[in-house]
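Here it is, the structure, as structure tokens.
In order of appearance the chains are A, B and C, and numbering begins at 1 in each one.
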């Protein structure tokens, strides 16, 4: 049988899996202690031949599941597919919780009512201002703000689903492009990628 | 009550989102090189397997793409966020919402310990948490109030039954006081004392801004 | 005489430290296989301990005509299979991970080898026999003949298992992408 070229993803898995693993350094020391505690092996007079014939190996379906589920991480307790099914096995004791498990949250958001939220920022020297956030994949130009007649304030009103949203303003002017947080809103801690973002909590959230 | 920026909503309306025309869907993550993309998709998949919302993580990846960040950095940041959300899940329990995951993960980024976060574990089923976590994050990050002091203050107020609107009111007033020159720590302590458990939060008018908009401090990109 | 055979002779002549040389030579590679097969380090360490101890006890039966690594690996493969069948992974792994996260210092929990963790998770989802075949072929990079000698399974069956493992991994990727 000619071996197929590996799929790039499978190739990547194999490459990563070939990396050396870190094992507890003390484990090797423990091993040698155990070895030293053993009676010395001595070559027998008679050669008994190969002892370690491969055994046949069968797994019951339950065992297959158990060993396949030997996952690293806390996910083992939740089992499989808890999120996708919208059920949470771990939630069984918390019925009637106001917050929904993530799967159901997903469903609620797509059919939920939205609120119109107005964003305003002062940028008198700007030629263009964009609102970027988790509601528009942070894309500049998706929500261009409108300059007020007096020229200083830029604004836009957009529908947002209830809950927490993170956003910022991208201001284009003579000094180039600047990414700014909203000075009149709470800051989202941890400025990933070197820029600060603001948080808005739109009413009617599930929490 | 809508917690919008202080200029606040022009109106609160219930709208059905209009159906948008079907456009070919291009996954923005496809902009990443294959290896980085594998890594990010696996992180998202891990999150789903663990019952952790993947949308905030995907959003983080897209923020990185929008910032033209190094793909390795994007993967690292997404992974860090995922790890934070895992810690949040253990600290706060399984019944937190997507918003609470994201707010809690943010707090961990701000250096709040998992032990502190655990104290916000909900006992009453309907008690909101997002407002408390968001305000706490801002007090620590922007105003530099020491973590322990801010955490214990917000925690106490939350344990006494403060809801999102109460924290909104607190944040507004503290912010205003700091702008007027008060030290952040003192402003916080003063305003927290005004909170009376059980009293309805002040009705801040949605149309009148609490203070006029101001020019933001700019960060060059 | 190969290094391995020389060291075996020395051990059989009473020099226990010569066994340490064998351990040094093979421990890391065996560790990698054990972790990939069992999915966590605790079980892997148990497998390694059991493997090398068994090898030590059975050293007298090692035939110089065998490749030492193949002989050792045969023990390792069987140990991994036994442990996989015996252990209840779930509670042990969960308790360890939760304790780790809750006791983490205030700075962020740093996971070493995060990619490794994710790749391991994907591998863990494979049926153990497919996983074993995939790991032996693409991680240990053995030939099918060597794999057959190790596992006692015929070459065509092994090729089929490897192919199926690759198909499953590829399907997994498709599902990850489309979610």
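One rule holds for everything that comes next: contacts are C-beta pairs under 8 Å (C-beta built on N, C-alpha and C of every residue); 3 or more make two chains touch, one makes a residue touch a chain.
It should be emphasised that the depicted structure is a prediction, and the values quoted were computed from it without experimental measurement.
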item	value
Remaining chains grouped by touching, chain B not included	one piece
Innermost chain, taking as reference the mean of every protein Cα atom displayed	A
Intercentroid distance (Cα basis), chain B paired with chain A, Å	16
Averaged-CA centre spacing for the pair chain C and chain B, given as whole angstrom	43
Centroid distance [mean C-alpha coordinates] between chain C and chain A, Å	29
Junction residues of chain B, two or more chains touched	38, 46, 48-49, 86, 90, 109
Of all residues in chain A, the ones touching two or more other chains	9, 73-74, 84
Chain C, residues touching no fewer than two other chains	98, 101, 115, 119, 121-122, 173, 179
Chain B to chain C touching residues, read off their complex	27, 38-39, 41-46, 48-49, 79-80, 83-84, 86-87, 90-91, 108-109, 111, 113-114, 118
Complex contacts: residues of chain C adjacent to chain B	98, 101-102, 104, 106-109, 111, 114-115, 118-119, 121-122, 173, 176-177, 179
Complex contacts: residues of chain A adjacent to chain B	8-9, 12, 73-75, 78, 80, 82-84, 88, 90-91, 94, 96-102, 105-106, 113-124, 132, 134, 137-140, 153, 155, 157, 159, 163-164, 166, 169-171, 175-190, 192-207
List of chain C residues in touch with chain A within their complex	11-12, 14, 16, 19-20, 23, 27-28, 31-32, 35-36, 38-41, 43-45, 48-49, 52-53, 56-61, 63, 66, 71, 74-75, 77-78, 81, 84-85, 87-90, 93-94, 97-98, 101, 112-113, 115-117, 119-129, 134-135, 138-139, 141, 150-153, 156, 159, 163, 166, 169-170, 173, 179
Complex contacts: residues of chain A adjacent to chain C	1, 4, 6-7, 9-10, 13-14, 16-24, 27-28, 30-32, 34-36, 38, 40-44, 47-57, 59, 63-64, 66-74, 76-77, 84
